[in-house]
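Heads up: the structure comes next, in structure tokens.
Every chain is named by a letter (A, B and C) in the order it is written, and numbering of its residues begins at 1.
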Amino acid sequence: MSTSIDNPHFLLRRVHSLLGLIPVGAFLIFHLWENSQSRLGAEHYNEQVVAALKGMNYLPLLEIFVIALPLLFHAGYGLVISAQMRSELLRYRYPRNHLYWMQRISGIGILFFLLLHVGMTRIQGFWDPAVAEDLYTHMQALLSQPWLLGVYVVGLLLSVFHFANGLSSMAIAWGVTTSVRAQRLFGGFCVLFGLLLAALGLHGLMGFLR
Amino acid sequence: MSQPSVIVVGGGLGGLWATVRIADAGFTVTLLSLFEVKRSHSVCAQGGVNAVLDTKGQHDSVRQHIIDTIKGGEYLANQPPVKSMCEDAPGLIRTFERMGVTFSRTPEGLLDQRLFGGVKNKRTCFAGASTGQQLLYGVDQQVRRLESEGRVIKHEWWEFLSLLRDEAGVCRGIVAMDLRSLEVRAFMADAVVMATGGMGQLYAPKTTTSTNSTGAAASRCYQQGAWLANAEFFQFHPTAMIGHDKTRLMSEAARGEGGRIWVPRTPGDRRPPRTIPEVERFYFLEEFFPTYGNTVARDEAARAIWTVTQEMGLGLGGGDRVYLDLTHLDQAFISTRLGAILEIYRKFAGVDPVTEPMEIFPAAHYGMGGLWVDFERAADGGIANGSVRNHATNIPGLYACGECDYAYHGANRLGANSLLSASYSGRVAGESVVSYLKGFAGTRPGVREDLIADEVARQQGLNRAIQEGQGSECPYRIHQDLGALMTAKVGVVRANPQLESALSELRQLAERLDRVDFGAANPWAHQGLVFARQLRDMITLAKVVAQGALARDECRGAHYKPAFALPIPAGTFPGDPAFEAYRARWQENNHQWLKTTIAEHHDDGPRIHYQEVDLSLFPPTDPRDYR
Amino acid sequence: MTEQSIHLRVRRQDRPDSPSYWQEFKLPGHPDHNVVSLLMALREHPVTTTGERVDPVVWDHNCMEEVCGSCAMLINGVPRPSCSALVASLTQPIRLEPLPKFPVVRDLLVDRTRIDEGLKQVKAWVRIDGLWDIHEGAPRIGPNEWAANYLYSRCMSCGCCMAACPQFGPHSDFLGPAPLAQVRLMNAHPTGRYDARERLHAIMGDGGLSDCGQAQNCVRVCPKEIPLTTAIGELGRQTTVQMFKDLFGPS
């Protein structure tokens, strides 16, 4: 008998979904909260936030297993999923259809943003100790270039949208919200959540602009 | 070929029940249908299906169901099959229920029942307002299960063209056509079951039936020697909304749930209906039939509407329409009870029947007649279980069930009895076929190859003739003319001179069909060719209807010839001398006409003879009286 | 009822493998025409606006009451049954195209075998022993539960929802929303429940539930207003539970 374990289709998709929330989504919240402390100045940011993190035991392991691999899996499988999309945005002008399309497009957008972003921060930090030393200044330098700032704003908003909308569709996929009413209510909650998260992120970005 | 196999033609309720029953017995079934079986006309039935469950405190009984069916059909139905059908009805409902049919429920979670036309007890099970759809899907799912187990082989988009009979005249297969490639080929089998549904399209567009209910398949069997019985009995549904393409049924449930039929008392009154005061409304069904009122049987209701519009000139705006009014009922109540049918009206007329009375008129709905089928009487007065004779046509090896047979409804069908008869007859036909197959001793010689090849070639020749035809005729226009002719002259009310002229006009229509020209049409999925073939067989069938109607000089059930009417003398009741004299005349008439009409095909037209009806259970002593 | 001219554009295709092309027609019509009755009128006189006599348009129809599901097509770009598409409510020229995602047979006629295959794949039936009476009363089903189930039992396999679903089509093996909704229905039946596990496993495989991306076009276009997305949510819940049973439960 074919059970859901023998055929990985279902489990892969659920793992993809779950990883979107934990740890990737959770990391995003944490990361944006972390960055929002840029508001408190370079010193606080470099010493209280970055250094505190760096002081954690097993940090590389955490980075690999809690951030990099889950994200890579989510992104990789996300590309596979996105390949199945045949959206007809003009024919079906329903909000949900547009969100469906945006979820996939934003995912691909995030992927590009991350390549750039992680490359310019964490990766660059490997051979340029100055970056790792004073991340605040580094970020400040990056973000003072208007085009990069633009990229960051877009990347941030795409990520936040993707996460918030992902939550609402995740709730249906896992069977948390079933009725139309529940889906609408939770959708509203996700909008609020997304707005808050976006505010947090923008707030953090502005912290580097001084 | 060791394991016998069966062909079932038609995937409506009748065909699917037969299929499941035969496959359950271990025989392989080949199922043919013009289209995906779940689109069969059975889905159209809205109202419900009758079965005595007696859950409404009305002391309903199977005996009463039998009597209602027999009386409703004015005694023309053989009584043993009716008895067995009514007795098995509750079991059939329970079986449907097991299949997962979503019958509507009472607050206690039990099957709900409602009132339907022609009876006094709540006896009709229903599934919202889409009962036929739900019943059909129930069996369709079972067939799909059997198909996935390899026990049923479906050929959808194949049309039955003719029977293959061996030298002894036994039916051993069929010739059918792929509706896409137009490939014609033979399918061999040890028994064939016809379940091809009704023939309402003879009256198009004034019919409630689906566009594929042409009756062509039954006509083809008839042309190869099968008998057609009681073809002149055609039920007109009193409440249909008039449309260009089709008249859509307003279910009887609308009357059952309290809908009232009326016209303004003043001819030509054009005021908006809701502004017309009660006293100026003529609730004619309630006045004509005080006991039954708006739930009077269909034929009475149809004729009453005919009288009021044609004879009294009271039709709305002087035309062919009367009101069916629900606006006095509680909105929430009717929305839950009648939601789907009200939606149909809203959808197709663009008006909301909750706030505006509907405009309706009678339309051809159900042919009581069809392929003649046999039965074997059992000692208890019903039919003998598993007899090979049940639902056998006069051609050995050929069975028929569902609306395309003639059994159960006599001269008129009770509302909600035909989903029952289609299901029941499908099961019985299936059982008979199983007995028939088990009865084979050893193997039979195969059918001669040349007979098969000849029939296939003949059918291909018919296709070629149409493809090469020249002239200026269009089959669709001929069909319109056929429908108009049948509606006007072989319709609700009939008279011999018109029937005679109808017969000659039918001959002209057939000649026109010889001159159909499709030009150099693309032969792939050539619907015009398919339709032209069906139309020829429909015209042949229409001749049987008209001929039977012409021959039958009386009024019985749906067949109404005013020139031969025997009305109950007004104001008299059983016991009155005038009434007793009437009863004597009525019995005299029965003596002459209470017989099954049987039509046999001959090249010069149908030959008609009559057969005694089995009246062994309830001899006709009382005329039908709906006052 | 005034006669007026109706302008029609029809995408035609002669064979499954041949290219499609457009033809235009103008015909007189009543405002209470629907698209099927319009095509019926057209087949009596199939002449294009350029005066060319052509084969009548091929399409599928049967009940004319929106219960059989035959007549679905793309009308002005939207998948819907044509028998209930009143001409008066459509902007002209009325564009008719075959129902997308399904292979075209000819003109507006498509092959919807895939719906049937989907129903087989998910075992959309209640397994019963046979068509005989077992002399046992029906199991009770409360009116509320009935009302919820009934909604799904009205699916007429028209395929509109599948045509509108961005995840469904020749490019994917996604079952589509209609067969999924039937799993919801069958799993709710007192006896159908016995096979719920098999059905859930069927929709947890390739082409199953998780290929739905919550685009929710399906529920918008369904002419029968079947709550497909509710079904998808409920199946999400059922499969979640089933997954844990498979992973950790007794086998």
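To be clear about the criterion, a contact is a pair of C-beta atoms (placed from the backbone, for glycine too) under 8 Å apart; a residue touches a chain by one contact, two chains touch by 3 or more.
In UniProt terms, the chains line up like this: A = Succinate dehydrogenase; B, C = succinate dehydrogenase.
All of these numbers come straight from a predicted model, not from anything done at the bench.
Averaging C-alpha coordinates per chain and comparing to chain C (succinate dehydrogenase), the farthest chain turns out to be A.
The count of contacting C-beta pairs peaks for the chain pair B-C. Averaged Cα coordinates give chain A (Succinate dehydrogenase) a centre that lies 64 Å from the centre of chain B (succinate dehydrogenase). Separation between the centroids of chain B (succinate dehydrogenase) and chain C (succinate dehydrogenase), computed from CA atoms only, is 28 Å.
Averaged C-alpha coordinates put the centre of chain A (Succinate dehydrogenase) at 37 Å from the centre of chain C (succinate dehydrogenase). Chain C (succinate dehydrogenase) meets chain A (Succinate dehydrogenase) in the complex at residues 77-78, 164, 166-167, 169, 171-172, 174, 198, 200-201, 204-206, 208-217, 220-221, 227, 229-230, 232-240, 242-243, 246-247. Within the complex formed with chain C (succinate dehydrogenase), the residues of chain B (succinate dehydrogenase) that make contact are 17, 20-21, 24, 35-36, 38-41, 43-44, 88, 91-95, 97-111, 127-128, 130, 133-134, 137, 141-142, 144-145, 147-148, 180, 210-212, 243-246, 248-249, 340, 344, 347-350, 427, 430, 474, 476-477, 480, 518-519, 521-522, 524-525, 527-528.
Considering their complex, residues 14-15, 30, 32-34, 36-37, 40-41, 43-45, 53, 55-56, 58, 60-70, 83-84, 86, 88, 105-106, 109, 112, 116, 119-120, 123-128, 130-143, 146, 149-150, 153-154, 156-157, 185-186, 189, 191-192 of chain C (succinate dehydrogenase) touch chain B (succinate dehydrogenase). Per the touch definition, chain A (Succinate dehydrogenase) reaches chain C (succinate dehydrogenase) in the complex via residues 1-5, 7, 9-11, 13-14, 81, 84-88, 91-92, 94, 96-97, 100-101, 103-104, 169, 172-180, 182-183.
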